[in-house]
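The next part holds the structures, each set out as structure tokens.
Both complexes below contain subunit A, partnered by subunit B and then by subunit C.
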Partner chain A sequence: MARLVLEDVTKRFGAVIAVDAVDLQIEHGEFVVFVGPSGCGKSTMLRTISGLESVSAGRILIGDRDVTHVAPSRRGVAMVFQSYALFPHMTTAENIGFGLRLARVPKDEIARRVTDVAKTLQIEALLDRYPRQLSGGQRQRVAIGRSIIRDPEVFLFDEPLSNLDAALRVRMRLEIARLRDRLDATMVYVTHDQTEAMTLADRIVVFNQGHIEQIGAPVELYDAPANLFVAGFIGAPAMNFIPAEIEAGENGKANVRFGAVSLPIGREAAEGKVTFGVRPEHLSVAAESEHDFLGRVEIVEKLGAESLVYLQTGFSKAPITMRIPPELSVHAGEEIPVRVGRKRLHLFDAEGRVI
Partner chain B sequence: MEGDKRFWRAVLLALPLAVFAVFVIWPLASSFYYSFTNWNGFNPDYDYVGLDNFQKIYTDKLFYQAAINTALWMIAAILLPTALGLGLALLIDSSVPGSAAFKSIFYLPICLSAVVVGQIWVWIYQPDWGLLNTVLEAMSGERLRYAWLAKPDTALWSVIVAWSWQQTGLSMVIFLAGLTTIPEDLLEVCEIEGATTAQRIRMVVIPLLTPATVVVIALSVINSLKGFDILYIMTGGGPFNSSDTLAMHMYNESFKKYLMGYGSAISVVLFLIALTIIRVYFRQLRKVDELYG
Partner chain C sequence: MADAAVLPPARPPFNPWPAVIFVALIVLALLFLAPTAGVLLSSVKTTREIALGALWSIPAELYLGNYAEVLANPAVHRYLLNTVLVSAPATVASIALGALAGYVFAKLPFRGSNLLFLVIVSGMFFPPQVILIPLFRLFNAMNLIDTLWPLIVIHTAMGIPICTLLMRNFFATVPNALREAAILEGANEWQVLIRVALPLSLPALAVLATLQFTWIWNDFLWPLIFTQSDEKRTIMLGIVNLRGQYSVAWGVQGALSLIASLPTLVVFLFFQRYFIKGMTMGAVKG
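Up next is the complex of A and B:
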């Protein structure tokens, strides 16, 4: 059973701390996605697990074996790179069978296993081709094939879909999801694309400046972000943040006030300045009598399945984004009544922690 | 304006073309012409002799000796600097301490002229007090002392060693440049897949250095065909023509024996050999381009 445990793992490059005392347990068979902005340490974390980077402090355990100082090839990990990292002078078959050839596995066995893997990935017809004769998606499949064939305990994916165009990325995402279900292995996947993270992950780990901001199932992070950073990072378009204040409301419960709007939050809270967060999908165009505030439409983006509306308001310098059904006709310059969904209000204190 | 531009373009192209014509095309054409004559190099009178000079080549034992030496010279001049340059490049690239200094030191000989290199190695090979014999004597007494440049069995090889010493720095620098073009993640794949150093070099690094190797070999071929000056300095083709190459043989026939017509015929043959080699080579080059280009 390949449980992956990171204990207090720190990685420094000179004075720069890329990964700062990370503790994490990944269960056998789990698909965990590391997300975060560029330079947040997610890729370094992955490379540390693979052994391509040594740790500055802490321990890494794979299946209860301490691999902190074990060579990459003996850790039982396979890695898929963003650039695919295929050898240009080798055919698909040679690329996939590379590790077996290094291990001096007999030729006929290599051929048999390469064919098996190629069947799984539906690239049997490409076995004699060179990487330059393959499309981006095919190359990525070959790279995945090279990692599968060694039957590793832990798969590491370093932004594997970043170099693909949007349509292909969606297709490959599905394929990776299928692979996840078929292979009984632990998978760690790094991406800066939160859609990939949301759709693939059993659990998401949000990195920021070398440490973990929050760990949780995709819906958990979406519904209950632990802080401003996670709230802003998960979800597209991003959550609206509005400077606000907590004030006393009815029955001892608190209200949140921004501009002329005062909304009951349905629980107690200490009075003071806060950041109020609401997702674009939790704002709606309301009947005149039910609206919370009026916003002037700045831009409308019609995406087909939905429309995004950017509003100017008196209480927020940044435009407020809302998501509306495509059939609602809204025009730039128009002033529209907006209602805030009461169930999904997020409040953050001055340090950015959720209240 | 447009006409002006074209005028200046024509002028600027005409200048190098004129230089090329005077110093390359005209001598080349003259050689072809003189190869059908019995000109001695001085006398304004000479006769047209048809293919006599080429017939003479056919029966010239020294020509064959020189052709064999040229082949040996070329093969060694390609293999030695290429292999040594690759080895040095791999060592220096593995960031041994002081690799920057080593890089400069190994590159230095290529900055010297062949005459200087030849002279240095004449001193090294000097039978009585040369560096090589002094060291060998210290190691083994009289037994290994040898007149390296004065004996037919070692003269050519001794020059080849000197030549390689000079050329290795050049191939090393080209290989070092080639090594920097190998993507880091390909080497990381080797690490994760468990390749030994030898496996990594054999299965990944050397194949990926193919474009650099192509350049190194091209330069070696061209330089070795031109290799005349260092032989002239070190052995002059001797002793007993044992280190004669075609270029050397041509020089000796033309300027020592004053058989300018015959020398020209040799140079024509040498030209055709070079042309053939370079044509074959360029055809290979295209294949490499298709794979890596």
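Up next is the complex of A and C:
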């Protein structure tokens, strides 16, 4: 059983703290995705788990074994690099079998296992080719092949799809999802691509400035972000943030007010300044009688399956984004009545924590 | 208004520079080739024909006696063997040490390693004359004068700066991810160097092998200082030695000069095929 436990892991580069006292438990067979903006520490965290970077403080346990000071190759981890890191002077078969050759596994066994892996990844026809003769997707498969042949307990993926074009990325994403079903292993996956994170993860870990902002299932992070950072980071297009105030409403429950709009939030809350967050899909074009506010259409982006509308309003400097069905005809310059969905209102205090 | 489309294409003004440069290069090439051509012509003439003053003329008949004489001379065999005994180990040793040092400077930097790298590379700028006397006294004290050892040691040491510089710069272009991937697969630094970094650096190794071998083979100064007896002399001294035996044998000397330059040519031709471009293509990204 390969549970991966990080206890108070800290990584410093000189005065810079890249990873700041991270505690995390990843269960056996779980697929965990690290997301966050560039420089947030997610890749450093992954490299620390792999052993390529030493920890400055804290412990790393894999399957209840303390591997904090164990050599990378003895940790039972395998890593797929963003750049694939295939050895250019070796064929596909030699690349995949490299680790086994170093471990002095008999040649016929290496050949057998390489063939098995190649079958799994459907690259049998490419075994004699060199990396320069392979396409991006094929190279990615070879890199994955090299990682699975040694049967590691934990797989580490460092932005493995970011060098592929959009169509191929979708395909490889599906393949990685299939792979995780087939391999009974723990997987840690670093990406800055939200779609990859949302589609692949059992749990997402959101990193920011070296620490964890929130851990949760993808839908949980989407529906109930713990703070402004997560709310703004998860979801594309991003959640709208509007400066607002809490005021007393009916029956002792509070209202949120921004501009001339006052919405009941359905619970109690302390009065004061807050940030009101609403996702683009929770705004809708309403009948005149039901609308909450009027917005002037600045730009309409027709994406086919939906349209994104950017609105100018009196209460927010940043344009308000809303998602509308494609058949609704909205034109730039028009003023439209907008209704805010009452069910998913997010309120954040001055420190950015959810209220 | 003239229609631009029907105008003939504008002729660029005549630029004389390419022609000037071309002519200058041809003149330079001829000047460089002239001595070799002179030596080649002398080597296939009889001593008598050369003595008659026909240095640059085409020989009346192809006379191969000079080559026969040189190849039959046991002293020449000795010179050639000595030169190989110096050039081969010194070439291999300087490249091996340079590769080890270069790998550390490129992939395993430590505090002060950049400074140390500069110190090593600055070794290239020492004129041999400055270290000649101390080295002579050193090897004299070690009782190694008139052996091949000083030559091997000095050429190895003098080769380390250029080898370190070239190998470091080449290893620096080998992506770090390759080293890390190899380490995750269970390789130690030595295996990373031998199985990943060096195979990718064949072009650099080929360049260094050619350069080092040529320099050491053609060296005149160090064997002149450290060897005395005819049994220990290298081929470049041998060419000079051959002069004094009976008379100024221009033809024989020319023949030996050409024979002496053959090994470096062979080394160059052999390594030329490793000067492959794009060895690292496909290692990372597209």
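One rule holds in what follows: the second predicted complex is superposed on the first by the 355 of 355 C-alpha atoms of A that agree within 3 Å, B and C clash if a C-alpha of one lies under 4 Å from a C-alpha of the other, contacts with A are read in each partner's own complex, and residues count from 1 in each chain.
The rule is short, and it goes like this: contacts are C-beta pairs under 8 Å (C-beta built on N, C-alpha and C of every residue); 3 or more make two chains touch, one makes a residue touch a chain.
This structure is a prediction, so every number in the text was calculated from the model and none was measured.
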| item | value |
| --- | --- |
| Subunit C versus subunit B on the shared subunit A, clash or fit after superposition | clash |
| Which of subunit B and subunit C A:H331 touches, first, second, both or neither | neither |
| First (subunit B), second (subunit C), both or neither touched by A:S73 | both |
| Contacts of A:G136 with subunit B and subunit C, given as first, second, both or neither | second |
| Contacts of A:N163 with subunit B and subunit C, given as first, second, both or neither | second |
| Intersection of the subunit A residues that touch subunit B with those that touch subunit C | 50-52, 72-73, 77-79, 81, 83, 85, 87-89, 98-99, 102-103, 130, 132, 146, 150 |
| Subunit A contact footprint on subunit B (complex, rising order) | 183, 185-186, 188-189, 191-196, 199, 203-204, 207-208, 210, 291-292 |
| List of subunit A residues in touch with subunit B within their complex | 50-52, 71-74, 77-79, 81, 83, 85, 87-89, 98-99, 101-103, 130, 132, 146, 150 |
| Contact set on subunit A toward subunit C in their complex | 50-52, 72-73, 77-79, 81-89, 98-99, 102-103, 130-134, 136, 139, 146, 150, 163 |
| Touching residues (chain side subunit C, partner subunit A) in the complex | 175, 177-178, 180-187, 191, 195-196, 199-200, 278-286 |
